[in-house]
Amino acid sequence: MAVDLAYSAQVRDLVERTSAFIADEVLPIEIRFAGDITAAGGDELRRELNDKAKAAGVFAPHAPIEFGGLGLNMSDRAPVFEAAGASTFGPVALHIGAPDEGNIHMLAHIATAEQKQKYLAPLATGAVRSAFAMTEPSPGAGADPNALSTTAEKVDGGWKINGLKRFITGADGAAFFIIMARTVGQRGDRGGATMFLAPAETAGISVDRHIHTTDKSMIGGHCEVSFTDVFVPDEDVLGAPHEGYRYAQVRLGPARMTHVMRWMGSAVRAHRIAVDYVEQREGFGGRLADLGMMQQMIADNEIDLAAARALLVRACYELDLGEHASDSTSIAKTFGAEAFSRVADRAMQMCGGLGVSEDLPLARLAAELRPFRIYDGPSEVHRWAIAKRAVGRARKAREAQ
Amino acid sequence: MAVDLAYSAQVRDLVERTSAFIADEVLPIEIRFAGDITAAGGDELRRELNDKAKAAGVFAPHAPIEFGGLGLNMSDRAPVFEAAGASTFGPVALHIGAPDEGNIHMLAHIATAEQKQKYLAPLATGAVRSAFAMTEPSPGAGADPNALSTTAEKVDGGWKINGLKRFITGADGAAFFIIMARTVGQRGDRGGATMFLAPAETAGISVDRHIHTTDKSMIGGHCEVSFTDVFVPDEDVLGAPHEGYRYAQVRLGPARMTHVMRWMGSAVRAHRIAVDYVEQREGFGGRLADLGMMQQMIADNEIDLAAARALLVRACYELDLGEHASDSTSIAKTFGAEAFSRVADRAMQMCGGLGVSEDLPLARLAAELRPFRIYDGPSEVHRWAIAKRAVGRARKAREAQ
Amino acid sequence: MAVDLAYSAQVRDLVERTSAFIADEVLPIEIRFAGDITAAGGDELRRELNDKAKAAGVFAPHAPIEFGGLGLNMSDRAPVFEAAGASTFGPVALHIGAPDEGNIHMLAHIATAEQKQKYLAPLATGAVRSAFAMTEPSPGAGADPNALSTTAEKVDGGWKINGLKRFITGADGAAFFIIMARTVGQRGDRGGATMFLAPAETAGISVDRHIHTTDKSMIGGHCEVSFTDVFVPDEDVLGAPHEGYRYAQVRLGPARMTHVMRWMGSAVRAHRIAVDYVEQREGFGGRLADLGMMQQMIADNEIDLAAARALLVRACYELDLGEHASDSTSIAKTFGAEAFSRVADRAMQMCGGLGVSEDLPLARLAAELRPFRIYDGPSEVHRWAIAKRAVGRARKAREAQ
Amino acid sequence: MAVDLAYSAQVRDLVERTSAFIADEVLPIEIRFAGDITAAGGDELRRELNDKAKAAGVFAPHAPIEFGGLGLNMSDRAPVFEAAGASTFGPVALHIGAPDEGNIHMLAHIATAEQKQKYLAPLATGAVRSAFAMTEPSPGAGADPNALSTTAEKVDGGWKINGLKRFITGADGAAFFIIMARTVGQRGDRGGATMFLAPAETAGISVDRHIHTTDKSMIGGHCEVSFTDVFVPDEDVLGAPHEGYRYAQVRLGPARMTHVMRWMGSAVRAHRIAVDYVEQREGFGGRLADLGMMQQMIADNEIDLAAARALLVRACYELDLGEHASDSTSIAKTFGAEAFSRVADRAMQMCGGLGVSEDLPLARLAAELRPFRIYDGPSEVHRWAIAKRAVGRARKAREAQ
């Protein structure tokens, strides 16, 4: 007869240990790499950080227990991933970053036993990385999945894939790809996509270039990848043919929320740095933190973070019930992404000239957070979907009268 | 190991019955009174509506069970009060409006057994109404409680109260007052207030005038009340002397959240009317609901409402744990009040010229919602408090290092 | 070699006399009528105010000199109309309110000599009022003029008009109507409209009802008007047949800007009341006007008003050059309407509980200002037009390369 | 009797030639240096660009005619500087960047004939660069000038300066410094500052480090500079002693507006790139530019840019009249800086993933624009000043009654 928002002692302990690990082991490394434009420091560093995370008992807490993880559900991931997100290197260190975290989630749900052994097992332990090849350059499937242009043609014993993908996170260095390709219909048609698993060394797969973006924390970067007559045997079709978008939805809801969790950590860090700054500095006849306009920015940050967290809790609750949670994840993602940009922006403003300098990590955090309003569906696409569902419900209610 | 946001079947049933009661019994009456400037239709109507609510089994669900209520905790009140808030007459009908609902809450917590019999029992059943006389005109205790100017002087067998109060909701027609008066120190000093219970007919109590505001749903209006040599016997001191502000905090957190619940209902109603409108009308070559800028407004409303509800859930959870929840209630109140104004404003905009006309209730709902950004602590005061606490935590953390 | 933003001594003097007239003669009457829901006090009051304005030498400063006005161009109207707009009764008093002011403007430009004598002369002197019957209920021509449904059929010696109009400002009591009716094509087609002049007593014209809106300052209200087999002789066609929308553009640009001027006056008044309020009141240990969050609201109001005024100056300059100024008037209107609502809202917030009460006129002014975001083209329609033109310019530039 | 916003044919021609020069000569170089973190490419490139600008007849159009410039007043600078600002290297190329442009302005107004020959002449021709050493690290004179900590002590034949300055733009490579130092009173006192001229090679002047910020377009960077027993002879005192802040105001108003002009150019460029992008790309069943939410962003950009430009015109008009224009420059700066950030942010959003990538210069332009909300007085300080003046006017008006 009452809602319960308490985390178990085990989760609270994991959160604390994660925060300590980030502060002690990850932040010093992040700061050392601050000026580096290489995405997330490269794979050597990743392995080193992964080993440290394993030693600290905080590695891959979301991975299935049978593959060495803690099997945390979405609700319990939230505070842990947020703690990890305090450092832009935290998700890589814990192996909970995009796209691996979402791929682990999806493979655990729909891969065959053989696929799990071949692809999921080494991925879950961090032995390898992976990529999810869905989005395409215009006029292909960017924000609009119906525009899918990459095709998979049925051939003897398997499929032959051709197409160009863009913004494929982690592609450079990935051990394997999950490729979304059209197997029914044409560009502009709804649905008709199939997902395929393919080792990176498969003939015809080429990582052509990095697209350098303002965020730098995702290992393997955001790449353009071309697929030329790539052969995938039937046993490496992931899930049922032509059901790719349905599976993608299975992946997207949770992946969207783990994005919110991680980036929340970065936003919280930016806010704390700014509050610490104004708490210790004088100006205009007093402590900066006591000026009304500073208080307004501090309070607005607190409100934005609290609302984002509350929406995240709701969405995770629904996902853990097994619901699609399309609405609650779209809302939490849209609000969160916009709120985090606002928070980082106010944090910069609060710190004056230093706020936009490399003396503080705020501008760097803001640059990490900005793309989140575009990645994983731009705010506009989510708003369009949210509105369509609201209008659909209204029509249904009207027609039921 | 997972958060639980489910309401019991009993609560869900009560929500449904409340919604049906509002739609069937209350909305028709509200619409009939739409042009009337009398606050909430007057007491005769109130009694009629209360009787209907009792008959429907939805009356005073928050009141203590021993006094005929259902004893709902804060979490469970939320969806019920929201359902009632769909009509501006709903809270009066269910007897869950301000200030009675908060007074019931406070009396149940701190009144003596005798006080409960004398004041709480008739209040809980709706036999009478009450008022909470705290705020004063400038330079007295408006948003800043330290400025309390009304005084209570110790006299033989009781206290003698003098002062002027303003924005005393429900004062006209209230059977008794809870009066906050300074018993220690002077205007500008912190604390030092005591709460007193006094029947309205006590000599020296005068309801001087109504302050007509844009909201019309609170029965008894918002009044100026003067207290001239009002004698209150010792047994009608509420709680311990000089502890008035501590008790007020006990009252304010929950009262603030029930405001959010009720006004959420009005905002949801405004949003639904607007969505229904654009779902059924054509323009610019298609259905209005399919225009991108309409979808943006619809989605922003959905996001605002979802975030307000999620913050409310959090605050109620903390209050039900017995915590002060100063932060979470300030955040939920500030965000909610501002979000509801935005929602109502977008709803008007979506309906074009009719949106600002009496053909639709939107402008009326917007006028109801606007003051909430001021009542119960203006947004600015809450932001100030939120920021102060955040800065205090930062200083504490720094000093602990 | 330098821009010149100076008004002549004559105009500056007129502004001062207008402000004095408003303060001395109009505001006291407005305040007397504050609680009245009759639009602008009715025609008897209007005539009384017009006489006083004539006596003060501030009547109809925009009307053609030949008809007794001062013939002010748009640039010079701006500060005068703003001064008049300080009172919601000011535009009626000076006879510069909608729709008469725009109708005078249009008739002066396109009426025949006979039409001028018959319609413009009595209108310019304030002997009569007029209405402009263009907008229709859904699915007719509301914000989307292509949806025009009212038709005019050619008959012997004239035209026969049938249709329903809505939101016809000033219709109740108007001496004549300018009616926009479709003479070519069908609902949904672009263009094909003609404008007709018709005395109110023409058979078939019926003012069916007032649509009560939150604004109350426009005399004759906003009405629903039906036209049933209304005969208009050929000599009362206004301008060339089928060119109605082109003429409407001639009217709309200037009418849009005079709306901005008048409502600017109301917004400025709201702002001044609020600044006066916080300048004189104490709280939180000092003068309210010295609190940072108050200063932020004050500054945001100053910025909003300055920007609206600067955009207005630009648009009027273009209009006075004889340009269509579609872009600059859309921009000034959209920004202004939204800015004025923000200004009035902040003014209310600055004054706390009194801000939403009838003790101050702020809520009343906010209710006057709110519809301006919808009237004269909702913000969304202006944004759509602004964007279309910007994109058109981009395409043109691209194709020219 | 009408405002005049027309530029002369000469200015319009200069604007066109400037735009052509930027497109043909500067943008290709900017793009070549895009990944470079060196501020503005260094002095060798600067001289090369300056020579090209001289050849194109667009060099230093604001410099006094006697020193080889065109002597443009503020109003005429606006469109020229905006055209130059389209490239982040444009201001350096035309020698109209901060701080040289403001220093030229100030020296032209207050330097002695000898100082003009020694300092202004080589500066106006671009032979050398300069710096303006005013701001200091906390707790010195950052946003709050009263906190000035650097001191100048009177010694025989001149002054001895000691102090630490921060965010000194262009310091690295500057030929001379204008140093603001306290000559009366102590940190926290108002006024009492004097300005001194000192060649960079003067003993005791040390450029200690660059503060790397998100903007990269200002040659010589933003530096920390220490002054240790720096001797300045009496003849190099700039203006009268102790009047430094009064002169700084002379400099700050115009310098603030030229910032707005230049950054406007960058914002306009970002907007145009985004409009071009959505004008040419398909998605969601049509051209991106025809989606309602895209149109909203396009229109909001157009409105923001138009308002910023209109406020700039007003402020320049007042400055050209010889007024302080404190209010209008604060308003134009605050609105402009915030508007430009919004414009760049929307431009990124409109271009989706590419918007935050190096494939388009948008994120780079946004990073250039962000600091403007802090440089030259953070928005909060301007709002504080705007509010104080508004309240002061209200008090004065009240007291005059």
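The letters A, B, C and D name the chains in turn, as written, and every chain counts its residues from 1.
In the analysis below, a residue touches a chain if its C-beta (ideal position, glycine included) is under 8 Å from a C-beta of that chain, and two chains touch if they have at least 3 such contacts.
Note that the coordinates shown come from a computational prediction; the quantities given were computed from them, not determined experimentally.
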Both-way neighbours, i.e. chains that touch subunit C and touch subunit B: A, D
Selected pair, greater C-beta contact count between A-C and C-D: C-D
Centroid-based (C-alpha) most distant chain relative to subunit A: C
Between subunit D and subunit C, distance of the C-alpha-averaged centres to the nearest whole Å: 40
Euclidean distance of C-alpha centroids - subunit A vs subunit C, Å: 51
Subunit B, residues touching no fewer than two other chains: 291-296, 380, 383-384
Complex contact set, residues of subunit A against subunit B: 1-8, 10-11, 73, 75-76, 272, 275-276, 278-280, 289, 292, 294-296, 298-300, 302-303, 306-307, 310-311, 313-314, 316-317, 320, 327-328, 331, 334-335, 380, 382-384, 386-388, 390-391, 394-395, 398
Touch list for subunit D against partner subunit A, complex: 135, 138-139, 142-144, 147, 166-167, 188, 211-215, 222, 281-285, 291, 293-294, 348-349, 352-359, 363, 367, 370-371, 373-375, 378-380, 383-384
Subunit B-touching residues of subunit D, taken from the complex the two chains share: 291-296
